[in-house]
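Shared chain: subunit A. Partners: subunit B in the first complex, subunit C in the second.
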Partner chain A sequence: MTGRAAVHSCSLVLAHAPDLVRHGSKPARELAADADGLLASLTKALRSYDDALGYAPHQALIGNLRPEALRDVERPWWGHQTEPRADGPFGVIVDEVELYRRMEAADSFGLFKLDGSPAVDGGLTIEQAGRIAGSMAGAHDLDESLSAPVLLENLACKVTGALALERLLRTTGFPPEDVPYVIGSGEEAVGDRYQRGGGNLAKAIAEQAGCVNASGSDVKAFCCGPVHALVVAASLVAAGVYPNVVVVAGGSLAKLGMKFAGALRHGAPVLEDVLAGFAILVGPPGDGAPELRLDAIGRHRVGSGSAQQAVLEDLVVEPLERLGRGILDVDRYATELHDPEITEPAGAGNVPSRNYRLIGALAVRRGELPRDELDGFERTHGLPGFSPTQGHVASAVPWLPHGLTALRTGEIGSTMLLAKGSLFLGRMTELADGMSILLEPGKE
Partner chain B sequence: MKLDGKKVIALGERDGVSGPAIAECVRSAGAEVVFLETECFV
Partner chain C sequence: MDPENQDRIKGLVDEYGADDLVVVLGAADLESLEVAAETVTLGDPAYVGPLAGVQLGLPVIHILEEDVKEQVDAGVYDEQVGLLEMTLDVEQVREAARKFPGRE
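Up next, the complex of A and B:
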């Protein structure tokens, strides 16, 4: 037991799923109410696989482009394609045919069928490139939790999580049978009518990736689930409970096409046509792996209130003060990294930019940053948004493999992962949530 | 803006100003909050 933990690798994957966009929550509701050709408009605005590959933020996600380099790519990024590569140093972008193939293979109950026949009895017809590919059936006539739309979401999450985990194990050479524990950090509610959200998709993902000696569990905290899970994983390793832990998450099918109306309004393509997934290998210090500072965890406390200043005091200021450091001592902050080309046409603004402005403003207020340098804080300490709006995936994680590289090469001396979760959406509290953790170069 | 005696609908945002923060602010100016919600736009 070292009392310390390090991040050895992180994989990020995308699965292009244009024909599943109509099954996203927002499009499905809008299409159900539509009588004037919305499906045709939506279909026309979907991207080809080549267009999705050539989209610069996706290339940044799989590591063929540095996120910072997006500042030099002319906007809109979707109108200025880069080299369309399916493979990168951090991950892969699979097409819909491959996604469907994996979904059929991963479905242990024969509910997702690629038999070319439409759905019957409450199932969902699944299309691919303008033809019927097959269907997703429900598993119970009266159980909403086992209905076809819910099971399709869960299966898509399982498959994209497994894709990321398989990729992580292949690129690191880490034997699947040596993984002892997997923590799921996605947001899907797996269960039936008696235990909606019962969970442990982690174990299903571990099974799919061949981790026969693994157990697992899920850590749920909306979009900040992954950072919570990373802290738990690091703690388990540091305490000597397990030699290694993998944090994993698949994509959110419900969020496909979430802001499609804004895209259609602005004549932009529907960029929310990809499912994302990631896997993070946490282990003991060594091999130069960047270390997680378990003595500098930031957590949004119940009594802190929901004002942004209070949230950021808890997540940024308090853990840094514990180390005797200031806000500017962190070289790079990774916060909500949502792609602004998705959020801006929908009127939601540039989310990462807004978060960096708030952190910078806090530094000004504390006298750590001159007011006239506030505008430059985002460039010097932040990142452009380059993640699809896949909830938990977008919260800091897309930076992680880039950050690991920058810490290993000595380009940066520290980076903070900072995620926020919207607990109030579940109507059980008006609270938000947040979690942060600092990473530094490995000492061994 | 005079808020005293006004009824207010407070719509907040997770990455901006939250609903409870808006409510606290307008209540202190004498307004009555008749609807309060925070949304997450991502």
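Up next, the complex of A and C:
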């Protein structure tokens, strides 16, 4: 037991799923309420696989482009394609045919069928390139938690999580059978009517990726689930419970096409046509792996209130003060990294930019940054948004593989991952949530 | 404005009536500000939420407007809005607020 933990690798994957966009929560509801030409407009606004590959933010996600380089790519990014590559140093972008194939293979109950026949009895017909590919059946007539739409979401999450885990194991050469524990931090509430959100999709993903000696569990905390999971994983390693832990998450099918109305209104393509997944290998210090500072965890406390300032004080200022540091001592902050080309047409503005201005403003208020340098803070300490709006995925994680490289090469001396979660959406509390962790170069 | 918030505002109007209600916006960027103001006065411009085609005609003000700021305890204002105030072009927001529906 070293009392320390490091991040050895992180993979990020995308699965292009244009024909599943109509099964996203928002499009499905809109299509049910008004099919009057909407399906045609929606279908027309979907991208080809090549267009999804050539979309610069996706190339940044799999590591063929540095996120900072997006500042030099002309907007709209969807109108200025880059080289369409399916493979990158951090991950892969698979097409819908491959996604479906994996879904069928990963479905242990024979509910997802690629037999070319439409759905019967409450199932969902699954299309591919304008043709019926097959169907997703429900597993129980009266159990909403086992209905076809819910199981489709869960299966998509499992498969994209497994894709990320397989990729991680392949690129690191880490033997699947040596993974002792997997923590799921995706958003799907897997379970039946007696156990909605019963969970442990982690173990299903571990099974799919051949981790025969692994157990697992899920950590759920809305969009900041992954950072909570990373802290738990690092703690388990540091305490010597397991030598390694993998944090994994699959994509959120419910969020496909979530902001499609804004895209259609602005004549933009529907960019929410990809499922994202990631896997992070946490292990002992060594091999130059950047370390997680477990003595500088930031957590939004129940009593802190939900004012922006209070949240940031908890996540940024308080943990840094414990180390005797200030806001400017962190070289790069990774907050919610939502792609602005998805959020702006929907009237939600540029999320990362807003977050960086708030952190910068906090530095000004604390006398750490001159007021006239606030505008430059985003460029010197922040990042452009390049993540699909997959909730948990967008929160800091897309930066992690880039950050690990920058820490290993000495380009930066520290980076903070911070994520916030909208707990209030579940109607059990008015609270938000947040979690942060600092990474530094490995000591050996 | 997202459908959840539209639904809450509509619910408040159903419960208390439109005469005694004012909407105080806190949106940080100009476009969402304009959309929110239009939504609670003339109806949801995107025609997707519960306020699609519903003209509530509620008075709309922004938390950064001078008149509003004066009525809030300075300590509370600073704690809740101070950071937001620093990140925005306050004059631009006030200018946008002067053009809210029903202001002319």
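What we mean here is this: the second predicted complex is superposed on the first by the 443 of 444 C-alpha atoms of A that agree within 3 Å, B and C clash if a C-alpha of one lies under 4 Å from a C-alpha of the other, contacts with A are read in each partner's own complex, and residues count from 1 in each chain.
Simple rule for what comes next: contacts are C-beta pairs under 8 Å (C-beta built on N, C-alpha and C of every residue); 3 or more make two chains touch, one makes a residue touch a chain.
Predicted, not measured: the structure shown is a model, and the values here were computed from it.
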Partner chain(s) touched by A:88 [first = subunit B, second = subunit C, both, neither]: neither
Contacts of A:348 with subunit B and subunit C, given as first, second, both or neither: both
First, second, both or neither for A:308, with subunit B first and subunit C second: both
Partner chain(s) touched by A:336 [first = subunit B, second = subunit C, both, neither]: first
Partner chain in contact with A:432 - subunit B first, subunit C second, else both or neither: first
Touched partner set for A:394, first subunit B, second subunit C, both or neither: first
Touching partner for A:191 - first (subunit B), second (subunit C), both, neither: neither
Subunit B and subunit C footprints on subunit A, overlapping residues: 307-308, 348, 354, 425
Residues of subunit A defined as touching subunit C within the complex: 30, 261-262, 265, 307-310, 312, 344, 347-350, 354, 357-358, 360-362, 364-365, 374, 425
Subunit C - residues contacting subunit A, complex: 1, 4, 28-29, 31-32, 35, 46, 48, 79-80, 82-84, 86-87
Subunit B - residues contacting subunit A, complex: 14-21, 36, 38-42
Footprint of subunit B on subunit A - complex, ascending: 223, 305-308, 336, 338, 343, 346, 348, 351, 354-355, 389, 391, 394, 420, 422, 424-425, 430, 432
